[in-house]
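Worksheet: the structure to be examined is printed underneath.
Order of writing sets the chain letters: A, B, C and D. Residues in each chain are counted from 1.
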């Protein structure tokens, strides 16, 4: 970059768009240094996702675990805003890509960010472990901080609908299995379970691990940074979004609203009033 | 463009992005040839919209009529997918711009395109008038074509909810008023009323002009091409979208679904079944 | 809400969607209590925006000042990501609504949030004034806090491109004019100018008010809360986004990229390497 | 549905949202009839995608081929509007979900629809085969129709950048391999190669199969309907979109425009002109 002044305009333009991800020339496409034709048919789809995001190929079992996490969160039904929006959009005369975009767009801090928050929370505890603190002390200290902040919930625990989310124990079971086979360490599963146990002691009742906590465990074991896991959740939920948009588009509705067509909404505002005469712009 | 080979890379790059709309240099911003500081405070917001889209300043009364059309379609309540999506998105932890984007995105051919279709339809009749056909014949001939195509509806007429949409007669009244004052010709109002009358004769009952037909009349009178009127509808409905997103964001909900929280949806698919053992990937 | 158990399901559904903004029945549309037909033709487009967002009609001059703020920020050219995205999207085979949505969506904290931040900053100073602090002290104290936080910039001041943004002095001039006529107080203009002056003293050079600071002054004078001004910016910039999407769609390009078609990007990643044999999934 | 009048409001509301995809009760999540915990860890991610979209589990090899198609199209670099938009959006202060949404949104008829068009084209030929026409005749007849329509291109053939797209021959090689193993029929590969050969004869030069044609072959072999393959392309390209948005977000840019920061665009509109005095609204 030191000789900017000597670069041609084309070089300057081409440097404006820099990437470590893809190299291309006529007849050549390379992803992370691999010829695309060497990758096609040799890596699974989750392995391709891993390579694109992290720059190196995963082991086959790592890729399998990533695929498990991606498969677990594909759908939570039309009461989820993302799924409802996909279905409504599909009746409005836009392409399936646009129906998906409107839906994916709402996977924000509240709808899509719980796993990211859980992983960041577990990561704080992992950092304390690295510094030599015991698991019990690391968990207790981090929870003390949460309750001191008067947060109403602990990331990764509890669900407003499911007493026990059926995905969570299955994901932890698989994590333990992969750890037993030496593919991952199992450390994040330890952390999540210790958090669950400590909160049970404090509250006097069990608030079980939810899907966000369980996928955070998997992503933590695999070494993904928290903000990137929101992107992984988008890839996962996109599957359900597509399935629902597609199903809706096969039906005949137009401009599908949230409630049955002949229902309205409750108006709670100012009662009807006359237009103030003095404000009339039309004179 | 003949001397491409002699252009510098920077010139080539700068030509890649060409526009008639805005010229800029440090300290200078010009829109359609006018210094921005000469426009600010001298043109109304609708006049600025007109200038940006059409390249020339409108007359003051033309701008007023554009403002009337833009103001008329700002909202149709939360049963409209666009408004429901704006409200749901606002509870998902995204910025107000993203809540608006998810909503605006669904103003597609079905949700946002009716006015465009009505104006194209009126434009066909206007073209016949230009060719010397009488109004009655031009309308009848165009309607014959619609009914021959077995379309189920005539663009701009009828509403699934309102027996008479209160916006439509008021907009036509204003169009007549502006025409009487010589600002517009009134031709599209004539066309729309002739269509309404002919359809009444054919059907034996009146299917009144709706908001899409009425705004198509205004946009036609003002000379906007049909596809651009979808963009104008987006500008108009964006106001309601913003108002609803904002109102919702002032409340406390999180991940607002389409139905009351404790309701679900009807599952109509395959009854519960065991996982086929032979397909187990995990072995 | 106390008798939820006695409500019918339909009532519960209709209450799930509550709003103070719009009331509807067949043949009736009311916005904020006014019949829509009473508003159409009597209020300007900015007055309609005000009514929708704030619940009451503005004075005519207040609406005019809102229109001025909305008109000032419509465009900043194709180097702005929002405008470039609108143009690129318009070449990809999506509707004009979707081209607009992709563009509006990026008016986030960085691209669309500077005015909001400037208004929040001025609001802190206004609160100090309300508490009896002098303007000079309130400004100095707030700036002390900014520089203590080692923020690299003061909201509303300076522009990477324009030595003086031509919009800003014109908007302040108009604010002073409206204040002289008693429509607004002029207090936010005082605050912005005091901030500019204090920073000039601290830095030894003038960093002039930019468009975000200037529109924040107008919105502050008119009483809009900071987060809502991001929405107003979206309404404003949507005009330029539409104009550029429309202009682009009149041309013939397909899949317009950011650089001239025959240019590429700089690849800065891992050099080409063979696919590791042991990782081959295809065997 | 015959006894609508006897249904409770809650039943009516829950029926408004109907789906064959997901069934849920507290503690229970079923996808297409399978308990979610039975699927997790037993099906690959592509198999989950297949199940969600088509209602039944694929064979393991079918899922593998779907994964191959999904992996092949993840990225085509920052000259693709989708990738450039993802990177620009990532610098604007929005969440990674919103950066992805703005990008996915532009995978419309032009940017994302080529594979869908190729598959529909191949499907026409397959229908002729089903009716007993020979492959050569079916292809010739369909191409005659294309050239009679004076379309400038044949779906699935040719690339503006790659003389031979390295992905296409590799995908066809794999298709042949899967067909040899009896997993698919190979019929769509036959069709695509016959089209390529016929066009070569007509044009006197080879216009090779491109990525859209090659993935259309795979999706056709697997029995996906054309419009759904656009959705599959969205799932695939989302990976590259996420990778680029993530890479960009790790860098420090703000409001990244399409060209180097100090470059502008070419203004090609009306030269600077004075504001017409008579149009001044401010008096």
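Throughout what follows, contacts are C-beta pairs under 8 Å (C-beta built on N, C-alpha and C of every residue); 3 or more make two chains touch, one makes a residue touch a chain.
All of these numbers come straight from a predicted model, not from anything done at the bench.
Looking at the partners of chain A and chain B together, the chains they share are C, D.
Seen from the Cα centre of chain C, the chain whose own Cα centre is farthest off is D.
A straight line joining the Cα centres of chain A and chain D is 22 Å long.
Centroid to centroid, with C-alpha atoms defining each point, chain A and chain C lie 27 Å apart.
Each chain gets a centre from the mean of its Cα atoms; for chain C and chain D, those two points are 33 Å apart. The set of chain A residues touching two or more other chains comprises 10, 12-13, 15-17, 19-22, 24, 35, 39, 41, 43-44, 77-79, 84, 93-95, 97-98, 101-102, 105-109, 112-113, 258-260, 263-265. Taken as a graph of touching chains, this assembly is complete, with every chain in contact with every other.
Interface of chain B with chain C (complex): residues 12-13, 15-17, 19-22, 24, 26-29, 31, 35-37, 39-41, 43-46, 48-49, 52-53, 64, 67-68, 70-72, 74-79, 84, 87, 95-98, 100-102, 104-109, 112-113, 161-167, 169-171, 174, 227-228, 230-232, 234-235, 238-240, 242-247, 249, 259-260, 263. Remark: chain C residues 10, 13-25, 30, 32-35, 38-39, 41-44, 47, 55, 57, 59-60, 93-95, 97-98, 101-102, 105, 258-260, 263-276, 279-282 touch chain A in the complex.
Across the complex, chain C meets chain D through its residues 8-13, 77-82, 84-85, 88-89, 91-94, 98-99, 101-103, 105-113, 160, 254-259, 261, 263-265.
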